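What follows is a structure written as structure tokens; I'll ask about it next.
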């Protein structure tokens, strides 16, 4: 086939894990982002909690870090891998209004770590939702996407433009 | 405190699991939705695969169902519970363009199942991203939110309006 | 449709979890069996170990019990459930030659526990294979099947005949 | 001791993980097979489903792939490892009658991957059983064994003869 | 046998899960405690961190809560169960010197929740150790024990005396 | 900062995984210890069981080995890693009275394995508690600490003195 193809679909059209055994071991980094949009009052409640103990944000950050380590259990065709670093940053944004989440995953290995960064963002967002849902059922998780990636055969990538 | 509060934050401001032991056992259902927006060519590739074997969509649907069962392992303050039913539907949408995901979770128990439905949607979306990422790095997961919930003390809920 | 159908395939032909919310809570018991066939010398080695410390058999029995508790994580459309009892018995059989494994799973709930019993048998057999594989690569796991089940709407069942 | 011994039993007769730290990192591949024997009518039902959506087979294949990644959690003395590739093939066999399952696991590392391939086969078979059990309680999983292995100090292996 | 016996050892002396199917569903609560003893300087470092962001203590508390939910995966003969509440409190103690951990687990069910409370304490202590180990390798986890339990056939229990 | 610091707390005071990508791959070994103190009668019961089948000790040893492999799932900021060896030894001590547990973890990699050894000890102790708790609610887990570690930039370490 000319042009890009779906690498997880083999020649018979069946789902399978891509063989990464021949890829080189390089340092690979991926950054992903996302947000939870909420009512201004909900953001205010979280900020107040944050002023005191920071627990919604601290809990979501940890949940994101821990989830990154479970990526290969959650995403059927992801390879198990040994992350050397995961970080999750969560910042309030009054203009959204809501919380913005950014995650970074890093390893020295044979496969990219986009899915680990995206999984960290998604689970951090779900955790924010869980902790604030008694106050606001209308929250929405969005803008979950890759910001940048480096390392690996396919070259570096940096997303153009900005998060809506 | 008057007005809604963050139930997962106790009086000392610390994160904790809400005690659901006194809640009634009722049938609880939650429906959540989300989407993966992609290039039209990527959607076409998935549709072609789908015409043959349906594997991107079938894989993402299973990943969502299986993830719903892991919700209490992923979201720190969620209760373990015994889902009686989970379903995930994924449909192509040329106007998006991309795939729309809807998940339903159900149980007879003491806690709501919003998080299970939202987790199913999120992991199904991540799986779609994983399987198509070689063709399209610009995909974005969005619109992840609760559509409806029934059962439980807080009353039934149905979201007004539509998914963007 | 007349006659038996595949309950995990819905009307659109897609895999989904069966809704068990309307089933009655009853005591449900399932017994499954299987074997690992091996060279007589391998069985002798395990017996010798067993005479001393019993570790191949004790390890496989525990692995089977623990695996029964992971059934809903392993089998995509199985419901999570709260087993009240699991037991695994492993006995040498010179006529096979090899080890015979029998597992029992029990709960008070809405779904049958065949898969839990069968998973316990399978993982106990895999563990036996793992612990003896350095001595015998020709081992074979077979005869994994349901022996009996009771409780639930579909009535009691007891397999006719014997394990080969 | 002369002749083969049980490597997982240490000198005191107690179960333990073998130290693989001194083994060389080589490309290791293992292939395993197994089958689910069923009534001809059950196979026909699965084939019909397959003709439409392929879901019994697609679900079992994914379950097998995902289970291979959980091998070290299930089998007590297996080492955690980073598979570079897992594939599972499932083919109907009217002569059995039933479905034949073959799994391949691959990594660049210090331990063999037989257990990963065998676990993939076993869980794929259990998933087939689960999805068809409403139609046929008499199904039997059998013939689960190693077909071939390469890489590692103990040399390559290819099983003589055929699956019964 | 007269007097207390080991309930997890069956009549043949083999490990097995106790059948709890006949036990009544009652509200069961267990409280456990433990500590991490450390150098005064290490405690001071944690306190300083705590003054700013509270992260060692917040992280350990969440790890304890999440671990309680994994108890039946970790302890071979524990039953899976649906906790309705878990809480973990961690308080600095200059006299120790170190941190004291107390955990409470609660459910409406057929089995006690001592192991869930003890697992929460242990993993919270391990997390404290992990986060402070770069500053102090001499830390020691101790005093991990049951404080009280209520509900269930064996009657309520409250430990006499105090933690050393 | 001069002197030791908390490596898991970043410059903003937030919990994060330390980046180990730049550390060298070396052979790393850690040994940890702990004990379960119990009534003399409880120890006698375990010894009697041990004389027959050894199951309390064998079960706890396996639980410890298996738990070491789950360390990065349990401890939020631990890195996933590929242990090449884990062993757990459990010995009765009449002077305690109780059981002493020692665990060793080993890998060729970029991070130390103290947490894996300490987790193995803790879960082995919890398993002993679980299996004997019907006979003795007063048991106490203590003395859980690092005995020695080797490999890695921070140099070898051997604890001075003895376990109380």
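Which chain is which? They are A, B, C, D, E and F, in the order written, and residues in each are numbered from 1.
The rule we apply is simple: a residue touches a chain if its C-beta (ideal position, glycine included) is under 8 Å from a C-beta of that chain, and two chains touch if they have at least 3 such contacts.
A quick note: this is a predicted structure, and the numbers were derived from the prediction, not measured.
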Separation of subunit F from subunit C in steps, with touching chains one step apart:
1
Using the touch definition from the top, list the chains contacting both subunit C and subunit E.
B, F
Determine how many degrees of rotation, between 0 and 180 and to the nearest 5, align the Cα atoms of subunit A with the equivalent atoms in subunit C.
180
Name the chain whose C-alpha centroid is farthest from the C-alpha centroid of subunit D.
E
Please decide if copies subunit B and subunit C contact each other with the same set of residue positions, more than half shared, or with different positions, and reply same or different.
different
The chain whose C-alpha centroid lies farthest from that of subunit F is chain B
Nearest whole angstrom, what separates the Cα centre of subunit B from the Cα centre of subunit F?
37
With chain centres taken as the means of their Cα atoms, state the distance from subunit A to subunit D in Å.
32
So what's the Cα centroid distance for subunit C and subunit D, whole Å?
16
Contacts with two or more other chains, residues of subunit D listed in rising order:
14-15, 53, 55, 58-59, 62, 66, 70, 73, 76-77, 80-82
Every chain pair in contact, whichever chains are involved:
A-B, A-D, A-E, A-F, B-C, B-D, B-E, C-D, C-E, C-F, D-F, E-F
Using the touch definition from the top, list the residues of subunit F that touch subunit E in their complex.
3-9, 12-15, 34, 41, 45-46, 49, 52-53, 55-56, 58-59, 62-63, 66-67, 70, 73-78, 114-115, 118-119, 122-123, 125-127, 129-146, 149, 157, 159
Which residues, counting only subunit A, touch subunit E once they are in their complex?
53-55, 58-59, 62, 66
In the complex formed with subunit C, which residues of subunit B make contact?
27, 58, 61-62, 65-66, 69-70, 80-88, 106-108
Would you tell me which residues of subunit F are touching subunit A in their complex?
10, 14-21, 72-73, 76-77, 79-82, 109-110
